[in-house]
Structures are given as C-alpha cells and as structure tokens.
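Both complexes shown next keep subunit A, but they swap its partner, so subunit B is in the first and subunit C is in the second.
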Partner chain A sequence: MSSTAILGGWIAVFLTLGIFSYLYKDNPFYKIAEHLFVGVSAGYWTAIFFWTQIQPNLFGRLWPTTEFSADSLWYKLYNGLSFFSTSVFPEGGIDKGHEMHLIYLIPFALGVMMLLSLIPKINWFARWGIAYTVGMAAGLRAYGYLNSNVIGQIKGTAASFSDPTLPFFSLTSPSIFNSIVILVGTITGLLYFYFSKEHKGTLGKLSKIGIYFLMISFGASFGFAVMGRISLLIGRFVDLIKYSSGDYFNASLWVLAIMIIILGYDAFTNRKPPLNEDAV
Partner chain B sequence: MRTIENFILKIGQVDRRWIFIILALVVIIPIINPIGMPIRPTETTQVVYDAIEDLPPNSNVLVSVEYSPSTKPENHPMTISILRHLFRNDHKVFVTCLWPDGQFMAQDALKQVAKEEFGKVYGVDYVFLGFRPGNEAVVKGIVSNIRKLYTVDVYQTKIDEIPLMDGITNFSDFAFLFSSSAGFPGTIEWVQYAADPTGVPMSSGVTSIQVNEVMPYVQAGQMKGVLAGMPGAAEYEALIGQKGSATSGMDAQSVAHLVIVLFIFLGNAAYFIERKRSRKY
Partner chain C sequence: MKDKQFWVITGGFTLAFLIYWLAGHPLFNADRIIMFIAITVIGGTLLYNIRMAERGEEFYLRPIPGLKAVEEAVGRSTEMGKPVLYVPGIMDMDQVETVAGVIVLGHVSKMTARYETTLNVPVSRSIVMKAAREACRESYMVEGRIDMFHEDMVHYLTDDQFAYAAGVNGIMVREKPAACLYMGKFYAESLILAETGNSIGAIQIAGTASQAQIPFFVTACDYTLIGEEFFAASAYLSQKPELIGGVRGQDMVKAGVITVIVAATVLRFLYESWGIGFDVVKLLTVQ
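On to the complex of A and B.
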C-alpha cells in the first residue's frame, strides 16, 4: 500500500472521529474537522467552477483560438492578461471549440458586478447581477413547476380512474382504492391550507382529514430521514473498520485512543466544582 | 407493574450519549458479523430494472451524478449497479454531473466499472462530460443543445473529436436518463426541465430523505421507478446478481431500525408514565 493511501486513511479517520466527537461535546477536534471541511469545500468548488465554466466557456468564447490575431486590439488585451497567467490565458487564444461571441461580455460584466459587493462604496452594482439571476431563475422555475408539479401531478391523480385494467384493491401496486386515497389526501391536504374561510363544519372536518394525511406524510419523512442517517453512519463505520486494519497501521484504533485520552484528560482537569446550595 | 414503570422512567432519563454508544454498537456488530437478512426487490426498484432491461442494445443512456461524498454510502452503490447493468447490456453511457463533487464520484465509479470490470473503451463505449455550474440551467442546456454546453469533456478533449458524441445534439438523442441524486439540483430538475418536456423516460436513485419528495413523480408516471436509499441500492444489487456495499450494510440498517423503534417506544412510554404520575399528585 502506498504511503499516500495510508496518510489519506489516517486523515479520513481523524476527520471522521473529529466530527463524531461532537456527540460527546463541542471540542477542538470537532472544530478542526468542521473548519477544514468548510475551507476545502469552498476552495474545491471555486477551482472547479473556474476551470469548468469561466475559463473554457466564458473566456473561451471571448478569446477563442479560431479568431486569434496578434494585431487586433482585443487580442492585445488578451496578451496583456496572459502575462498574469498563461494557464488561464494560453498563448494564441483559448482552444475549447468555441467561436467568438462578444455577447458573453454581458454575463462577464454581471459577474464582475456581483463581486463588487465586497467593496462597500459601490456594492450597489451587485444588485444588477442578483436581479438578473433572480429573474432568470424565477422564470425558469415557474415554467418547470407549472408543467411538472401542477399539470403533471393533476394528470397523475386523475389518470388511474380511467384505467380499466387496474384492480380495485392492492396495497403495493397501483389500484383504484389507492387512487381514491391519493385523491382524498390531495384534496383534503389542500383544503387544510385554504385560509379564506374559517375551518368549521364540513370544511373543518375535511381539513382535519387533511391534517391526518399530512401527519402520515411527516411520519414517513421522519422514517426515511432516520434510514438515511443510519445509512451514512454505516458508510463511515465501514471505512473506520477498513482503516483499523494492519494495512493502515490500525489508524482508527490509534486515533480513537488518542482522542479519548485527550478528551478524558480535559474533562478531568476542567471539572466544574459542585454547586454549593447553601451559598445560593 | 410499578417496578417496570420505574425501570422505563429510568431509561427515559438516561444520558443521550449512552444511546449514541448503543446505536454505534448495533451498527458495528452486524457489519463485522453479517446476519444475511433476505433482500426482496420492491416494485419501484423492479420498475427501474425492467426499464433498463427493456432498452434495445446500444441505446444511448445519460447517467447524471449529483451527489457528494457525504451521501456516498447511499448513492454510490446505486451508480455502480446501474453502470454494471448498462455495460452488461452493451449500452452507450454518457455521464454528466450537476454537482461539482459528483465529478470525482463519477470518476471513481467509471474507473471501477467501465475500466476495471468491463474493459470498456473511453470515447467509444462511454464518455465522461463532467460538471457544469448552473443548476437547472445546465439541464435546460442539455435539453436544447448539449454541444453548446459541453464543447470539451472532463479530460479537455473536444466533443467533436469523441466518436461516441457523433449524432448527439440534445436530450432527445438519449433513450433513457438515470439520475443518481442527493438533492438540489437533481432528480426533480431533470423531471421538470428534461423528462416531462421531451418525453424521454427517466429513473432515479435518491437518498432516503428525498424519497417522499420524489415519490409523487413516480406515482404520476413522470418517472419510471426509483431506487430509495440504501435499501433500494441493495435491492438493485440483488436484481443484477452482484452484491456490493449496499447489501452488506442492510443487516446493520435493519438492526439499527429495530433499536431506534425500541427507543421511540420506551421514550413515549416514559413520557406517558410521567404524565400519569404528575396528574395523580
């Protein structure tokens, strides 16, 4: 086994047990693991965003190799930029299969504006970029939700009644009975969120049925959440067991022992004196 | 009766750290000593399997990887099993990622399955397009013109130079989509912006937490089945006849669930006993 793999195993064990140590109480091991996670994630995301989108798809469209001309003012600017980094701005333009599209200067400018939020005096520029993003996302999502969540779901609720091949009752597969349950659940669930009339009489009874459907749904969500967390715990334990083998010089056992000793020593030396009730 | 009530009350007041230790033990012991509980595929898993099984050979299948190491125990076995099934049936696989971390998850799965297990040729049998930022805008981009969004693959090879990409211009050129998802952007965005508008069939493997959110789309026929968390992955491993990490985790999962149910029962019993006694006095 390579030394890199062994070192990786030790780091993985330290970080896993560091996070788990929070179950005992907040401590420096947990803080180290938490801060490392945030820092590494931010660094990784920034790097991958830059190299998968900004460099190839933005700069690649502004200064493509196909239209490189050392005499043009536009590429003179590019050559100036390549002085700072030849890996971002390689000699002769960026070769990522794009044609020149100067329209991409607009998203470039909006992106720069968003970064200006870091400078208090001109941070209002950032609103333009945010406004564009919010507007674009709202428009895109409105269509998606209307098509799939409203029309698609209404179709799905209604379609089963018109299917003559369906059995009347089945617990696990589609049936007319299940369709009735879905229909009643959908309507009563929606009625619970109808606030223009006081929930009394028939409306009150129906909305109460809706509450029961919602409660069952929350119960199922809780069950799935528990299942998910246990799955993740299993994953970490499988790795810890793997790293406790001789191939990794018993990393899990050593790190666990060292952490217990340090946390135990800390608990022993920083014991709070018992409250003197007479003094109160 | 009083002794039992006192015992339950005592358990109800136990320090939560003891519960953590008990839970850790009930998870570790079945991993070290597997019980071998039976795994039977549920209908939603069977539908995913059948949908892939029914694809004609050499179909173009898009596999989208949108999860990070944090949900690896749930999503990774699904991705591996789906890739095994696709390569075993000689389909052409195209891999994209909506999450940046998904890129190295997909790389890991492709290395294991495509290269080491099946000896598939990159660019001929499969292509790894990688990650593009933009969430649902990326899905829209793939639907309208994938070549505009991906001019190079993950290894910076131009798309025009990859033989497998010949004739692929948009989402309708794929016969099937499988999304291995852990949240946003993921399965729901694929349904909303790709599968529903184009009619291309899709399935998904999701984390347990997402199951309730995704199930309405399965029920309405907008998705062909779903692999629900680690149990879904284990069921799929059973269906393709190749056991993996999900199967080995299922014993621990089942025992842990029993213990959690027991704790919930005891906690509630302690609450009701305490309430009864406080009313009495």
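On to the complex of A and C.
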C-alpha cells in the first residue's frame, strides 16, 4: 500500500466523519469539511469548465490548428495571447478537432460582457448575457416541452381500450385498468392546477381526486429516492469499513475516536449551567 | 368577441394559412403539422387572455396557501430579528424553474426591503448570481431602500451540488434564519436543505417543478408550491394584469388539453374498433 493511498484514506475518513458529525451539532470538524468541500469544488469546477468548455470548444473553434497561418492578422492576435499562456494558447493553434467558426465570437463577447460586471460603471453589459441565456433557453425548450409534456402526454393518455389482447387488470403490464387510471389521473391532476375557478362542487371533487393521484405518485417517488439514498449511505459505510483495516492503520477507528474525544471534551468544558429555578 | 383587433388578425392569419396550404404549402414540413397547430393555438390563447387582462378584464385566481405564507414568513423573520434565506435552486438560468425562482426572489426582496429584514441568497451559478442581484437591486430601488441593498446579499458558493448543500446547511445552522424559501430547480440536495431548515425551526416554503423532489419538500416544509403553482406564483405575488392573464390563458390551455385527451381516446376507440375516422395516434406522433 503506497503512502499516498493511505493518506488519501485518512483524508476520506476525516471528511466523511466530519460531515457525519453534523448529526451531533455544528462543530469545527463539520466546518473544516464544509469549507474545504465548498472551496475545493468551486476551484475544481472553475478549472473543469475552463478546460472542458472554454479552451477546447470556444478558443478551439476561434483559433483551430487546421486554419493556422502565421501571416494572418487573426493568428497574430492569437500569438499575442499565447505570450500569456502557452498551455491555453499553444503554438500553431488549438488542436481539438474543430474547424474555424467565427460565430463563436458571439458567446465570447457575451462571456466578456459578464466579466464586465466587475466594473461598476459598465456592469449593465452583463444583462446582455443573462438576456441571451434566458431567451435562448425559453425558445429552445418551448418546442421540446410542447412535444414531450403536452403532445406526448395527450398521446400517452389516449390509451387503447379496444385491444382484445389487453387484460382487464394487470399491475405490471399494460391493461384496461391501468389505462383508466392514467386517463383519470391525468385529467383530475390537470384540474387540480386549474387556478381561475374556485375549487367547489364537481371541480372541487375532481381536483381532490387529482391531489390524491399526485400524493400517491409523490409517495412512490419518495420511497424510490430513499432507497437510492440508503444505497449511497451503505457505500460510505463500506468505505469506512475498508479504511478501518490494518492496511490503512485503522484510519476509521482512530479518526472516530479522536473526534469523539474532542467533541466530548468540548461538550464537557462548554456545558451550560443548569437553570436556577428560584431566579425565574 | 370583445377584442376585435385580435379576432381580425387571427382570422386574417387563418385565411392566409389556408390559401398557402391549398397552394401546395411549399417549404412546410407537413409531418409536424400537429406542432404547428399546438404552438399557434396555445400562443394565441395566451396572447388573447393577456390582452384581455391588460384591457381591464378581471380574472379570479383561487388562493394558494403557500403564497399567502410567503409574506407571513418574511413578517416572522422581521419580528424575530432574524434573516430570510432564499435558495434559488442549483441550476442555471436556462432552466425555467430557476427563472421563476429569480422572479419570485424579486417579490420576496421587495418584502424584505419593506420590512427592513436581512436577506441572504446563496447561489450556485454565476449567471444566476448576476440575475438575482439585479432582481434584488431593482426591488430595493422600487421600495426606496437602495441604501439597504448590498451585493453580498446574493453570493456565490460553488457549482458543485453537494458542496453547495453543505455550504447552505452551514449558513442555516450559524445564522439560524427564521424563514427558508426554496424556489427553483432542485435535485438530491432538496431533503438535506429542507431537513436542516426544519431542525433549526425555520418556517419553510418550497416551490419547484422537479417532480422527484416535491415529495421531500412536502415532507419537510410547511408549505410547498407544486409544479404549476410555482410558475403561477409571480402572477399571484405581483398582481400584474399581464401575468394574471397568462395564468388564465394557461388554464384555458389545460381545459383544451383535457378536451383533446377525451376526444383522442374516443377517436382511437372508434378507429381501432370499427375503422371509423382516422388514426389519431399517427396524427399525435411528431416526426
């Protein structure tokens, strides 16, 4: 076992138990784990976004190797940029398998505009980037949502009631009963979200059925998700058991013991005096 | 027929399209006719209702308990002298829930400005941070309390899902906000956040359309805005006629969808049983 693997195991145990220690109360171990997690992940994602998106997909399309020409003004500008960093702007253009697409100057400009928010006088430029993101997403997703959430739902709900091969009742496969449940559930569920009429009388009764359908589906979803979380918890315990072996110098046991001692000592020394009932 | 201008334009557009269709409809993908019809009918319905609302027609909106509770939650924070924590989800501005979350934040920040309550908005995306700051700044300006606005009330934590959850949890246990509002798109961190908020005794209101996360919010929060209720929230809170008209328009679309579902079921039954009519499934299949 290499010393790096052992050290990694000890850090993993400390961070896992540090986060778990939150179950007791907010304490310095949790704070260390939390701040490390937040800080490292912020830096990590910045690096990941830069090296997987900005460098290959943006710069790689603006200055690709395939179109490199040392005499062109565009690549002279590139050479100027490579003076600052040859790893971001390597010599001879960026080789990420892209052709030159100058249309990418638009996202580049929008990105620069976002950065301009650092300068108070012209920070309104950043709104252009936000406006583009929201507008683009609204237009792009409207078609997809309409297709899947409206047309697809209508198609899925208008089930077949005439197929002679369909059984009347089956829990695990298509059946007439399931088709009726889907039809009633969809219609009553939609009626629950009808806002411009008071939910009284027939509408009130139907929307009540709708909320029952919603709650049953939420319950099923809840149970399914909890099962998934339990498997994640088991995964952490499996790791803690692995790190408690002699190969890792019983990391889990030592870290757990030290944490309990320190937290116990802290609780003992900082315990609140009992309330003086006479003084109340 | 209250809006003559609308009906004249709609009639003209329909006539023009019929002429174009009968002329052989060049450059038109007929396989997607159902999408064309859906977009024009839904768009037209929304537009009509928005115009009607702007012209002064009053529409009834049934009360949603979760929305009434937003003001109560801010008021409670004011009374207790504790901050309001607003979490706009973990996704970017390209998600409609995040956009809705930022819009609701605008209304919440108006209340915090009015009541002089501290607002804390940790975010996980840079563009959301910028948009949320703009929304808060505008609200404080509208309320005439720009002196109370400071950029750090909306602050970035991290893009990582669980690191963000850990950071927000830390804020909760240290600052002990009296109200926690979760409005946006959430994933597995939803229960972690809501349970922590519950443990510190904060009044909690959640709003999301993330189907898998609604159960967790329903379990751990005092009020939950489910799906469409969340999107209608901005109309309820602002009482702007154009937004209320939009909600009314969506209701009409829902009524239309229910009608189409029933009609499609009957048509399918008739076609498959006796060959009457046409294949509605084929019509509803977008190529």
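Definition applied: the second predicted complex is superposed on the first by the 275 of 280 C-alpha atoms of A that agree within 3 Å, B and C clash if a C-alpha of one lies under 4 Å from a C-alpha of the other, contacts with A are read in each partner's own complex, and residues count from 1 in each chain.
Quick note on the criterion: contacts are C-beta pairs under 8 Å (C-beta built on N, C-alpha and C of every residue); 3 or more make two chains touch, one makes a residue touch a chain.
What you see is a predicted model; the values in this text were computed from it and never measured.
Once the two complexes are overlaid through subunit A, subunit B and subunit C fit side by side, free of any clash as defined at the top of the document.
Put simply, more of the residues of subunit A are touched by C, taking subunit B and subunit C as the two choices.
Look at A:Y22: by the touch rule set out above, it reaches subunit C but stays clear of subunit B. By the touch criterion defined above, A:L77 lies against neither subunit B nor subunit C after alignment on the C-alpha atoms of chain A. In the superposed pair of complexes, A:Y44 makes contact with subunit B and with subunit C alike.
Of the two partner chains, both subunit B and subunit C are touched by A:R141. Once the two complexes are overlaid on the shared chain, A:K155 sits against subunit B and subunit C alike.
Shared-chain residue A:A225: touches subunit B and subunit C both.
Once the two complexes are laid on top of each other via chain A, the angle at subunit A between subunit B and subunit C, using C-alpha centres, comes to 110°, given in steps of 10.
Of the two partner chains placed by superposition, only subunit B is touched by A:K96; subunit C is not. Looking at the shared chain after the overlay, A:I106 reaches neither subunit B nor subunit C.
Note on the superposed arrangement: subunit B and subunit C approach each other to a least C-alpha distance of 5 Å. Shared contact residues of subunit A with subunit B and subunit C: 44-45, 49, 136-137, 140-141, 147, 153, 155, 157, 159, 217, 221, 225. Taken in their complex, subunit C has these residues touching subunit A: 34-35, 38-39, 42, 59-62, 64, 92-96, 99, 126-127, 130-131, 134, 156-160, 162-164, 166-167, 169-170, 173-174, 188, 191, 211-212, 214-216, 218-219, 226-229, 232, 247-248, 251, 254-255, 257-258, 260-262, 264-265, 267-269, 272-273, 280-281, 284-286. Residues 17, 20, 23-24, 27-28, 31-32, 42-43, 70-74, 100-101, 103, 130-134, 136-137, 140, 149, 151-152, 156, 158-160, 188-189, 191-193, 196-197, 207-209, 211-212, 216-217, 219-222, 228-231, 245, 248-249, 252-253, 256-257, 260 of subunit B touch subunit A in their complex. If you check the complex, the residues on subunit A that touch subunit B are 23-24, 44-45, 48-49, 52-53, 56-57, 60, 96-98, 136-137, 140-141, 144-145, 147-149, 152-153, 155-157, 159, 172-174, 182, 217, 220-221, 224-228, 230-238, 241. Residues 19, 22, 25-26, 30-31, 33-35, 37-42, 44-45, 49, 114, 117, 126-127, 129-130, 133-134, 136-138, 140-143, 146-147, 150-151, 153-155, 157-163, 183, 186-187, 190-191, 193-199, 214-215, 217-219, 221-222, 225, 229 of subunit A are the ones that touch subunit C when the two sit in their complex.
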